[in-house]
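For reference, the structure is listed below as structure tokens.
Just so it is clear, A, B, C, D, E and F label the chains in written order, and each chain counts residues from 1 on its own.
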């Protein structure tokens, strides 16, 4: 284990050193993902792996501390697929608010959640608003690849299956090829572009209604380069926002 | 990465394989720890590391699947020490109940929580009781080194600072030397046996009232052998209970 | 009062007639809006008026019953603007779930929420998911102008200030000119296109940070025709979805 | 639309004007009713209509602003009658507390709830007590026709079916004939005086146990004059209390 | 201790005998009161004593079992008087619902709450409604001296200070002289008839606003005979209702 | 009734006297027990009786006021035994927190809960922690026979059936013989030492799984002397802790 790697991870440091370190860097980064079906070529923990690796890269850029990954999220849409585990928005909100309050008491002034799972978005935003009221000295971010929509549009070869969702597809698989290639099995990658009905945005619609694989696109077109292109833009955006927030304080 | 290691971890498998695997092994193992001060020689994530490594060993014995670690716990007593993060009992209970319900729906019949942090005990027990009512087909365990009191008494060279608590001391440091030695810095190990007041069991008492280091004992006396002796007994006990439960079903 | 108008509104009918009517039409339509600042040219109740008028038109198309408008919503972003009133997501969810349960007990099989306020989206979706579990015979919709993004792009003369938000602008003012022109004062319409910072999507950002008027665009460009074009498409979409749902049952 | 009418209604004003107006009048009036069976001659929205019309008259007397009607209430006793919709006390309390907090932040100092449905009484009183603690600068009223018992006794020709309840009877129908005659169908008015069992005050007793019509009395005896007599006394009482409260501040 | 006395009290029996006894009598009686200021001549526990003694007499009449007294209640109005203790409606509801569920599981079919404190009324009614849904085989009563208004009017020599409240006055002191005379100090009884403002029924009004003693009437006029007259009527009513309920099952 | 006895009990005093008394003694003592099966020789209310009698003795030593007994507790393990009544941890926590807040407002600075039922321990500890945050001027104790483990070991003639539990056995029956002998029927005392399985500490285990009597030991060996020995030590410990806390303030 390299020293540099270790220093970044909060849980591998001891209580005496961390005190000193917080006095220098008041930025805590929390990777949040989920255990969720991601097709035949990506593991259940895809969102955790992505959140974790992005967090590490963000920590390098802003000199932040990476907290241990919260590996469970809100997985309503895919909860009936094999291996998926879901927690409710309410449970997730409370859990994150508690973590945020602790960070604030410990002296952190920035709490950046790096989210790898779209379904967590509602809970993270709500938790951030609760902390906005209760911990006014803590700037809370809920990042989900900021700027990715524009960047993905520039590199993707297939159109997106849905305006908001992307899942185990050309894009997400590219992220994995860049960030966690050892967990991708491209031999099993498939093309499965579902016809998502309009009512999926207007009534509760479990995804088994329109996909058997949980893949929303053409995973075969994924490349490490596409992933790097989008992720680096997202990282630039995150780093800029965190630095601006820190500068303001 | 060895195949064997990978197979054990639920989040590294894909949704198609896990379906097959659950049909063979219905035992899910959840490591739960905390981010908490553990003196100068042990990292903040000590309880997470221990829970994780014990879970792996238990999974080998009972052919179980290891879920990703839940790395945040209830850390009331040490919450004011540098680096500690705490979540409330209520938040923890809800979170675990949600996970348990998902596991039950996925077909698991045993949900074994391997707890590395005493402070989580109240929440895990309560969550197990909620699941006892709501998921009658799921057997829920909340393990905290079963049988360790007797086993530790046999090997320890100093008396325990408290009837229930042990922390960053001869015993816990021995666990780490056995299970995660790469995260122990024995050069920094200290002897700090506090005089815990009687009222600590009868009124809310933050630990800063009686210790400055969060060490409750003589960490210098820790050895890998002591750790192995106790942990193996605890593993025997856990494996026996899980197997008995599985046999009954 | 015209008979036709009266028959559509649930609260203007008596208990004896409604029993008969529910036996024929099992579609309940709930307008939901908010009291919220909408610039100098639109009233605080804009979202209520829009939800109400759209609901009436939808009722005509699907032979539904219009419930009395729920005129309070989640107005976090604009809560500090004069006249805004906000209720929490949690309160809104509970309230709507209760209404939905009553409708299900009364024999309705479709509960269509016509939402006029984007900020309500999170709560309505969550409420619909709760009802999905608790009232399996009730199909719940949370409509927010379905299809409007594409339709608006076709008619708008200015680019949108934000990918998701539109507010008191060319589009929403057009809706009002079509549906409630008596409440629009075009003499006071302004052009105020704010520069919404990127972090508005990643950290709690009250709108007073980037706008003084609560107008996000060029309200002067609004026309009744633009409004009609988009609203009619949205109505087509809503009617189609409701009819499909009804046909399935 | 008359100017005077418009000015009174908060939701028909814009954000710029309301700021000025609140600086002059800090009295917000919230009509609260219910959707509930009211016999063959009165509409389901009777309590909403009454609350609304009384609120308008009160606003004239005290120069207050009328908020949009909250048209859903706690309808436990009649929830099984056709057309009734009920929300729980708990949901209602939270909703009203949120509204009250917003009003307080907006600068209002009096929050007068004009209640048209007896079943809401418990929730409104509790909400007022919560606001008493959390918003000490806000005087909260929960009015339910103050003084009506004495006034009704003076004009009624039949005895009351119950010490506390009156429903769709001589009295409430008289209110409607005074305040919303266009929604009364006196041709369908009936005489139906139930024998309410003593246990109705001591154990949960849905009203279908003792009435088929939801009428508790002789609706045929209703007159506009009786309604006016009682309502005007109630309005005097409300206006006096609001003015006294305002004077104190 | 007389045998008869002991048999009535559930908590003085053992687990083996109670099983037999429940098979004969399925009526559980719960006295509920409060710790609350009751003037200079009555103790803080007046409502507990009254609830307890009435419960005993009711148990004799209907062959019921008396549960141990729940001696804490909702005391909002008098909470600022010396010695008062209050619990919230919410806490009280949950507590009673839990007790009711246990009684239902134990085989009881009637759960009669004998309430000695008016302020508990809201919570007891709500708890009864919750149990109505969750324990359909349990008939729940919330008794507060049924029929006392009429009976008290027949014997009282002073008019009531308020339509609903009576407190430490001619009436309640009479109850105590009949049921718990050893706790009354008539030498300290006073006449203190407050002028209760009309707004006390329409806005949160702590009683210190209109009384310094917490006495609402002329305690000097209390007699044992008045108390006996009213209490016996209330007991007749309670016994009748309980017997009717039992007969129906 | 002796004067001394009366003065100690808060609920037998009036509001005027209590004000004076609180100014002298700011120590409130709350007995908490349960209604729970205790074998054939002890009553269901054993834990209430013990808590009450210990509280009286403690009050004498520290000049405290005894509140009325809260006679319901968390009885999960024995809830299926005849006569047991259980309330949830959550309900119990809220109830006690409310009482504590009232005591703090009334001027008390010490709130000593004397617990007679082990199952209440979790809730009392949690409630104390909530009060620690919300009422910083109130010192809260949750006493469960402090020091009894060591003391019991010195006098017991049989080994304990379990490291933490003792129930209706040699020890608890001894307590009763000392404190409430009139409620013990030694003729029915039995010897019933169950074999408690190891999993009882690691998975929800209702006690009917290992005992039919709810007795965990040899009740025949109980003596008043053993009870007095242990109880007096526990009282010494409680009194010392309360006095120390009072001295610090």
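By our rule, a contact is a pair of C-beta atoms (placed from the backbone, for glycine too) under 8 Å apart; a residue touches a chain by one contact, two chains touch by 3 or more.
Quick caveat: nothing in here was measured; it's all calculated off a predicted structure.
Where touching is counted per the definition, the chains common to chain C and chain E are D.
Overlaying chain A on chain D by C-alpha atoms takes a rotation of 120 degrees, rounded in steps of 5. Summarising the inter-chain layout, the chain whose CA centre lies farthest from the centre of chain A is E. For chain B, the chain whose average C-alpha position is most distant is D.
Chain B and chain F have Cα centroids separated by 31 Å.
Separating the CA-averaged centres of chain B and chain E is a span of 49 Å. The mean-CA centres of chain C and chain D are about 26 angstrom from one another, to the nearest whole unit. Listing the chains around the ring, anchored at chain A and oriented toward chain C, produces A, C, D, E, F, B.
On the side of chain C, the complex with chain A involves touching residues 76, 89, 122, 125-126, 128-129, 132, 139-143, 146-147, 149, 163, 198-199, 201-204, 237-238, 240-241, 244-245.
Residues 1, 9-16, 18-19, 22, 35, 37-45, 48, 67-72, 79-88, 90-92, 94-95, 97-99, 102-103, 105-106, 182-183, 185, 188, 214 of chain E are the ones touching chain F in the complex.
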